[in-house]
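Common to both upcoming complexes is chain A, partnered first by chain B, then by chain C.
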Partner chain A sequence: MKVDILHQPESAIAKIDMAPQEELTAEAGAMVSMSGHMNVNTTLRKGKGGGVFGGLKRMLAGESLFLSVFRSGEQPAEIYLAPKLMGDILPYQIDQHELVIQSTGYLASTPGVDLDLGFQGLKSVFSGESIFWLTASGSGLVLLSAFGGIYEIKVDGEYIVDTGHIVAFEKTLSFSITKAGSSWVGAFLGGEGLVCRFQGQGRLFCQTHNPGAFGRLIGSKLPPR
Partner chain B sequence: MKYEIRYKPAFATVFLTLNPGDRLTAEAGAMASMAAPLSMQTEFSGGLIPGLLKKFLGGESLFVNVFTNETQQPLELVLTQSTVGDVGLIELQGNEICFQPGAYIAHTPGVQMGVQWAGFSSWFAGEGLFKLRLSGRGLVFFGAYGGLSQRRVNGDFTVDTGHLVAYEPGIQMNIRLASGLIGSVTSGEGLVNRLTGQGTVYLQSRSTDGLVRFLRSKLR
Partner chain C sequence: MPVHLKQARCLLHNLNTHSQINPMTTETAYEIQHSPAYAALTLQLQANQTVLVESGAMAAMDSHIKMKSKVQGGLMKGLGRMLGGESLFVSEFTAEGRPGELLISPGVPGDIRHYHFEGNNGLMVQSSGFVAASPTVTIDSKFQGFKGFFSGESLFLLKVTGYGDFWFSSFGAIIEIPVAGDYVVDTGYIVAFEDTLNYKVEMLGGLSFKGLRTGIFGGEGFVCRFSGTGRLWIQSRQLYPFVNFIHPFRPVKSS
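For the complex of A and B:
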């Protein structure tokens, strides 16, 4: 499999050349074009267990992800994948570190990568925002997408990110949800609200723009549905 | 303080390194990420009364965040804006600049934040009675939706209201219909802003009003 990212950074699109008998998983709706003989299956991936209440909660939170599985079959095949928003795509090679991905940051992955929905550590605090998290493990390639450019921070010590700017981070980093400044009053009045404080060592991927902030700016001027 | 504007022009983002003792004031919500030891304090923008004027009569936020490096090592700070587009930089040397709502991102110490009376015509155009005015000496970062164009106005110049980002206070604004009542409605130009006087203006190549009008027609 060969991955090329074209038209970076503002209109990035992934061109993937697949050998015979290869497989690729992608977010449903990400396919732009593909070879005619490609075999496609769409599946619904749901978050892992957690009892009746856990299941109910996830249903209400809409925590599920439609994934399309593309198989090349007998011949080589070609596919183009693109996210919905303007922005960059970043290939990330998973080996020993697990990667936590903000759900809209996931574009595609190779078969050796296991996706696990409903990473519990982060989601409950983002009330009002329908973001959830998935954990990618195993080995293979993950394509990440962002609103805007993607910049990498090699965290060594402590680093703070506004929650709307997180794309993905290695699970070797521990994190806590906290306020950015010194006072709680300031945290909310100052517009930064809650931020994510990462600790330890690992790679962190941020997006230059916040889809929620752009959505609120434009959405507040649109008539209610 | 060191700074670099990366991902120009579509996703311009300001990457700053604050040296020990450096301070920077930024629009509420502009921080994307930062080194954890950097201290952040929320203040009224330009004091309580100007802050209130800006919030309720100028369409700006009431608060700003002040970032200070109180440690002994350089610390990183990343600032951005809510729209996609370019970020511009003005070095004030005793002169002044006024911003349309939403354009301001950050400024260095030595720059004062205040309000400028914008007039009732600005109020009627939905852009507030007061505009944010920055004066003094230092750097000011501001953002645009789309690309940024700088133009020197000498006398008389007409801009679409949604495309004006910043202007020097020597310029007066007169908001009026583009070409008579019927012509304005049919041509889609609506209100335009006739600028008079001397000074520099900054224009953005897209307007959020235009995007909103486009999306509004697609909603059902």
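For the complex of A and C:
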């Protein structure tokens, strides 16, 4: 499998050349175009546990993900994948470290990567926005997508990131949610909302723009729905 | 009337006729800048040269260039397009008397490509993809007969033929794919394709979320399946998913 990222950073699109009998998992809806003989199957991936009602609850909370599996079959095949918003794509190689990914930051992964939905640690913070977290483990390639450019920070010690700017981080990092300033009033009125304080050692991937801030800016200027 | 004047008029007439029969010799000098995210098109018009431009896309021009609003293909055809949900209003720009520069920006940020018609080739272009064209190019809208219920997507195509230059645009970057055989594209990502390709719109079961009976996400899985040989241009983003992203941020109507 050969992955090329074209038109970085703002219009990034991934071109993947697959050998015969190869497989690729992607967020449903990410497919732009592909060879005609490619075999596709889309399923709903839910968070684990909870039975039918648990699954339903999670679905409504947005904690479910439609995933498409693409199989090349007998012949080589090509496929183009793109995220929804303007921004960059970053290939990340998973081996020993698990990666926590913000749900809209996941674009695709190779078969050796296991995806687990509903990483709970950050959930309460994002109530109201349908953001949840995935944990990717195993070994293989994950394609991350961002709103705007992606930059990497090698955290060693402590580091603070606005929650709206996180794309993914290695699970070797521990974190706590806190306010940016010293007062809680300022945290909400001042616009600098909640931040994530990371601790330890590991790689952190951030996006240059905050989709929520952008959405609120445009949305507030539109007529009511 | 003196004979020599009559002859001169005749000569002039012949010249005009000639320029209409053989317009492909006058390929327009152009430049596309700021690709692929913010592409803008600059045309260097020769004296008295006319181009058709998507209505509202003129960004800047020399002061002697004259503009005339026009509906391509006459009023009734334009009306038909409007009823079909798409209108193709174009403006005519003419550099009167001397050469002039015209700067064109599509309404949506993205990329621009050029295509040259020589009378024997045709191009199908996604309906909002028209940017500019020589007046000798013929544009005809063609409804492809389906509309997605959830996303508002529809596949209206313009059939472009004739002689001369044509420029089309996208949302996001444009990628050219040389199709040979069987190729599938999500309908929302089609920018243009040569009419040597056969195509049919179908629902690809494996891509559809609807089959999963969830309803709330509304993924159609509509694709265009191409066969044959020809060039295809796709875009790296779609406008409707972007609009759908903004939608939940709109204020809620207070009753």
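Everything below uses one rule, namely that the second predicted complex is superposed on the first by the 216 of 225 C-alpha atoms of A that agree within 3 Å, B and C clash if a C-alpha of one lies under 4 Å from a C-alpha of the other, contacts with A are read in each partner's own complex, and residues count from 1 in each chain.
Note that a contact is a pair of C-beta atoms (placed from the backbone, for glycine too) under 8 Å apart; a residue touches a chain by one contact, two chains touch by 3 or more.
What you see is a predicted model; the values in this text were computed from it and never measured.
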Which of chain B and chain C A:Ala19 touches, first, second, both or neither: neither
Contacts of A:Met86 with chain B and chain C, given as first, second, both or neither: both
First (chain B), second (chain C), both or neither touched by A:Ser35: second
Residues of chain A at both interfaces, chain B in one complex, chain C in the other: 10, 86, 216, 218, 222-223, 225
Contacting residues of chain A [partner chain C, same complex]: 6-7, 10-13, 15, 28-29, 31-44, 59, 66, 68, 80, 82, 84-86, 211, 215-216, 218-220, 222-225
Chain A partner contacts - residues on chain C that touch it in the complex: 36-37, 110-111, 172-173, 175, 177, 181-186, 189, 204, 206-209, 211-212, 214, 216-217, 219, 221, 225-227, 232, 234, 236-238, 241-242, 245-254
Chain B residues touching chain A - in the complex, by the definition given at the top: 6-7, 10-11, 13, 15, 27-42, 61-65, 78, 80-84, 102, 208-209, 211-212, 215-216, 219
Residue numbers on chain A that touch chain B, as the complex places them: 9-10, 86-87, 148-149, 151, 153, 157-162, 165, 180-183, 185-187, 189-192, 197, 206, 208-210, 213-214, 216-218, 221-223, 225
